[in-house]
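Shared chain: subunit A. Partners: subunit B in the first complex, subunit C in the second.
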Partner chain A sequence: MLVYLFRRILISIPVVLLASFLLFAFVRETFDPTARLRNVRDPEVIARETERLGLNDPIPVQYGKWLGEFAQGDWGESARTREDVTDMTRRAFWNTLQLIFWGIVVSALIAVSIGVYSAVRQYSIPDYAFTGLSYLAIAMPPFWFGLIAINVFAFKTQGWFGLSEPPVSFVGLHSSRQSGYDLDYLKHLILPVMTLSVQIVGSWSRFQRSAMLDVMSADYIRTARAKGVPRRTVIFKHGVRNALIPLVTVMAVDIGLLFGGLIITESIFSVPGMGRMFIQALLQGDVAVLEAWLIVVAVFVVAFNLLADVLYGLLDPRIRLT
Partner chain B sequence: MRLKRRGTKLLALFLGLSLVAAACGSDDKNAGGTDGGDTTEPAADVPEGGDLVIGAEQEPDCVDWISSCAGSSWGSWMMGHTTMPRAFDAVNEDGTWVYEPTILLDGEPELVTDPQQVVTYAISEEAVWNDGEPITSSDFKYTWEQITTGEDIYDTTNYADIASIDDSDPKLAVVTFEKPVAGWKGLFGADYGVFPSHLLEGEDRNAAMANGYEFSGGPWVIDAWNKGVEVVLLPNENYWGDVPKLDSVTFRFVTDTAAEFQAYKGGEVEAIYPQPQIDVVEAVNAGIDGNSNFTADTGNIEALWLNNAKFPFDSVAVRQAFAYSLDRDGVVEALFGGLDIKKASQSLNPPIMSKYTDVDAFSGYTLDLDKVDVLMTGDGWTKNGDGFWEKDGQQADIAFITTAGNARRELTQQVVQEQAAEAGFNITIANQEAGTFFGETLPNGDYQLGLYAQVLTTLDPSLCNLFCSVNIPTEANGFAGQNWQRVNIPEVDPLLETVNSSLDEDERSAAGKAADAILAENVVSIPLDPLPNILLWSDNILGPVGDNPILGPFHNMHLWGLAR
Partner chain C sequence: MTTLGPHDRSGPATVQGSGFGHGAEAGGAEIDNELAAELEGVPLASTEPPARSQWELFRRRFFHHRLAAVGLGLLVLLYVAVFTASLWVPQNPRAQDVLAGTSAPSAEHWFGTDQLGRDFFARVIYAGQISLKIGLAVAMISTAVGTITGSLAGYFGRWIDQLLMRLTDLFLIVPGIAVLAIALKKFGSADTVIILVLAASFWMQVARVVRGQVLAVKEKEFIEAARAAGASNTRIITRHVLPNCIGPIVVNATLAVAGAIVAESTLSFLGFGVQKPQTSWGNLLFDAKSNLQFDEHLLYFPGLFILLTVLCVNFVGDGLRDALDPQSRR
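So, the complex of A and B:
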């Protein structure tokens, strides 16, 4: 196992390096970080900024300089705000992490429940309903759902129940000048988590249903039933547990991808996360921020892919990682 | 005229960078003060207390006001105008925007013009920073020195023409100019304000200010700037004018327009100041609770900018014909009819510059296809089989460029394209990312027809920047000139120079109007819409809420209150 882990990590390093170089080169070739300064009346500002950012050096030299500093913990400065990229990334990452954590927890609970129920009650009316809703959820654009959710759960419910203010909030993760993890935080989480979860639940529930159906038709399940094991025990102890194995690995891969940022969700609900940071940096050609974003995302994608493989091996003793 | 960036979100305008003039609001006790700009209702007895939350569409990059990173309008509106002491305010007097000294000054500065221009600012004895230190002439001098000698300064215009500032008397700043500067009232108040020398002298000003600062010479103090989330202002208890009645003001960053409206509707924010995009106009038209103020009397002018040096607009006749091919009122109505703004602008000066403007300069250019035919055929053009004008084997093909992702401008392009096609001009749309458009295409002259807005940041027309031949970007000046239209009309240059330099207001006004007439006759570009400002605020907000085309709507928040 350890050898396997070590080998996978070793292979990942050149992949991440190559991706970071390609991103660096594409951004440098596509965006001019001094373009925003062309309306500045200081005639020397572009020359100074070019010198500061090393833009006259060949791309590999610029990349090498950036990589050397990055490896020493200096992630550089934002070309736009001159803010430390480490601070920016840490802040954005923490906001995105909160959305991801709650979104995954909620999605996992709902998706597994729906998937198990649908499999156990295959071809029932609820099964068909869940199937239809799942496809609808997968097809629904998050930006549309997010705005509809605000309209329904904030405004319509306010009207239906005669409330003085909407029961949920949808700007940021806290009310102004608030912090902490309290009722206010919960009110702000509901809608973005709902928006994030919709497509994930749609996808995972289908997967769980399929995995559950596979497991429930296995010989050992038939044997357990024949032995008189209670139905509930058959479903939850033997069925669900084994059906979770493939789902967990899918979840691990999907979670890794989420760290790239939830651009739409963060935009609609004004959460300053990795997605917003990425878009702002991309539009300005802020290469230091983009590289930091890439490294963080790549590390998490690789880590969670690795986790998926390891979990598979841990959960299924028949599998040995070599 | 200085360019200004009002928004950088995907659908936002990108207008170039500049800073907005700001001022403190007036003090009822001080007769020399200003009234805080245009208001919809007079200051009433508003209650004390309450925390106001306002939606902000954009977060600034930095708040070192003289640096190139601080070009965001929202930054100025939120933090610049509320904390930096300014010399002059723009106020509306009987429908005309004029400069008035703020309570920073003890009345109108003394102006001497002979033998050279000298302006003496008498600083109010009561004017202090929030730490209790007096605001002095040394602060004026420090500000000037930083602008003219610092690195990465956005714009040194007019400051560079100051020869010296005598600060021997702490309450008298004697500013001597190297040459006449007509726009002197825009100094120390138009874009940058006055900086505290006692805190910043000897320090790295940019490092001290870029991410927020604790000093203030205005009614508010920056309490917190939570990046990506909000800016919080608290009252400056040492402010020598009207101390704010509110306990705090928070600007929450809501960068998505749809979300912004939802936030306003749901009461998460109590005021918004959205850009005049199509969806905004539709939302306002569909009905929204609270109060609204939309005005076309702004410092904005959106126009069709023609490259006078590039085919086919290198011909006056073609430019005139193009102007006659458009129903400009129809375009404006399509964009802003929902706000009852249906008339096109008739000058390349924004509406608030009416004093220096021939407000009817372009009024003769209405849709007239017969005139198009006469002008084009007179210039040697004929229509080809496709119905487009052609001369010497070259068809009148025009690439029309604006900032990509701006829905309002894209709609404008479609309407113009259709109208122009009917008149025989073949327009293709080729939009670009804002940075490329403003940073390279326009300065390098790689365009024929462009659509963007000029946004005024002072009450000085500064049309010479745009249309004097000396400001044509060339390799010699590193393409730094702002005359992107390559206008080269010898009789216009001295008139626009007079507007820039004459200290006689009547002479400036006459020269400006005369210049306008010549620019219109030559159709150097075609004015389109005044780009209205839209302000929405809830019924909970009391006091003189309104917009100011130079200062924005938040400059007098210290006079506001909350009903609950």
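So, the complex of A and C:
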């Protein structure tokens, strides 16, 4: 197990490094880090800044320098706000992590319940209804769902019940001057988590349904039923526990997709997380922030994939990781 | 690797053996018998099942899938309606009536009007021209490029294979939408640029699928036979290998249309895609964002069109998957 983990990490390192180099070159080609001096007429000043940032070196040299500083925790400063990128990222990442956590928890709970129910009551009316809904959920652009959610759950609901203010909030994660994890937090969390989850629930529930159907037609299920184990016990103890295993891999792969969803969700709901940081950095051509963002996300996704593989091995004793 | 689009994890439809081309005789005969049994009006005296071409079999299986048939019909209707808009939509999507401003849907303005008093039905239909064009173009380009690279990688293996796999790996670890947004920032947002940038990210998915398929097919005996008969590599790939990969290729091409439309609308919604004065469905939703409390017709109609298109495409994809799978018994 440890050997496997060690080897996987070793394999991941060059992949992340190569990705980071390509992205670094791509970002440097796209944006001019001296752009904020655009209004300065004096070419001398721009030349000095170019020299200071080492922009005259070839890209691989620049990358080497940048990587060295990055590894030591010096991620540069934002070209706009002059803020330390390390601090910015840490703050943004914490907010994003909350969305990811709740998004995965909520999606997994709903998707597994739907999937198991649909499989156990295959071809029932609810099964067909869930199938139809999942088609809709998968086809619906997430950003459109987010906008509709604001329209319906904040404004329409307010009108229907004659409330003085929208029942759920759609700006940020906390009201101003609040930071606790209380009712206010929950009110802010509902819509973004919903937006983040809808497509994932659609696809995970389909996956869970077919995994459950596979398991329920296995010989050991028939054996269990034949020797008189109650149906309920068979479903939950023998069925669901085994049907959950394949979902773990799918979850890991979808973490990458989740970051795409976060960019959309955070920009709709103004959550000060990684997604919004990316959009702002991109709009402002903030090179240091973009570079840090891409690496952090890449490492996160790779780490998650690794975690899923390890979990997969732990959950399913039939699989030996070597 | 549409990191944006629907999770089309159903991805590679496993078309084993072959639907088109070789070795379908055994399966084909059985299907023929089944179909013959269903047919009424065929003289019972004739024991010989009516001969059917592959195309006929395919068509029957596809239209047996009702949602797929409906989806295809709607999709064709949508494309025709949108691209002939200038012939049948009476309103001009640019004609403003600023004093009138926003109005809800009515008999005169089916989808209401927007903030500048422009007829919203005309705006949505004309916006469809951009969205649908991008969807189709991206699917076509990415399928062509993906099929070529995928079959080369699968057939010749070695470095081109390695390169392809590593490239797709890289794209799996960074959200596609982020890379696309940066690329559009770099290359601009003209139609052609959007199409090329999206195609550049979509072809890898196709290539990966084709590669897997080619790897399986190239070990088959009929390939060996073709080689023994002296066929060149080009001939083997184009006449023997690719026809046997048609299923996954077509299914992926279909789904790419939906993926590209969603990707484009998402990027336009975030402000990196289609730029004004050109309008796509994503732009219309970008405008709707500023007023979510009132005027929800501006929010619902463009989104409904995206949803409808994607749904239809997905249904057609399902139908094709079944119809092109020789193992299916419909």
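Here, the second predicted complex is superposed on the first by the 306 of 322 C-alpha atoms of A that agree within 3 Å, B and C clash if a C-alpha of one lies under 4 Å from a C-alpha of the other, contacts with A are read in each partner's own complex, and residues count from 1 in each chain.
Heads up, the rule we're going with is that a contact is a pair of C-beta atoms (placed from the backbone, for glycine too) under 8 Å apart; a residue touches a chain by one contact, two chains touch by 3 or more.
This structure is a prediction, so every number in the text was calculated from the model and none was measured.
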Touching partner for A:L294 - first (subunit B), second (subunit C), both, neither: second
First, second, both or neither for A:D219, with subunit B first and subunit C second: neither
Which of subunit B and subunit C A:V45 touches, first, second, both or neither: first
First (subunit B), second (subunit C), both or neither touched by A:F259: second
Partner chain(s) touched by A:L23 [first = subunit B, second = subunit C, both, neither]: second
Touched partner set for A:L147, first subunit B, second subunit C, both or neither: both
Touching partner for A:F155 - first (subunit B), second (subunit C), both, neither: both
Partner chain in contact with A:R80 - subunit B first, subunit C second, else both or neither: first
Subunit B and subunit C contact sites that coincide on subunit A, given as residue numbers: 31, 147, 150-151, 154-155, 267-268, 279, 283, 285
Interface residues, subunit B side, partner subunit A - complex: 3, 8, 10, 16-18, 51, 53, 55, 61-62, 68-69, 71, 151-157, 206, 210-211, 224, 227-230, 232, 248, 250, 252-256, 258-259, 262-263, 265-269, 433, 435-436, 438-440, 443, 478, 480
Complex contact set, residues of subunit A against subunit C: 15-16, 18-19, 22-23, 26-27, 29-31, 135-136, 138-144, 147-148, 150-151, 154-155, 199-200, 202-203, 207, 250, 253-254, 256-257, 259-260, 263-264, 267-268, 278-279, 282-283, 285, 290, 293-294, 297-298, 301-302, 305
Subunit B-touching residues of subunit A, taken from the complex the two chains share: 31-32, 34-45, 48-49, 80-83, 88, 91-92, 95, 147, 150-151, 154-155, 158, 165-166, 169-172, 174, 176-177, 267-270, 272, 276, 279, 283-285
In the complex, subunit C residues that touch subunit A: 3-4, 6-7, 9, 166, 169-170, 172-179, 181-182, 185-186, 258, 262, 265-266, 269-272, 285, 288-289, 292-293, 296, 299-300, 303, 306-307, 310-311, 314
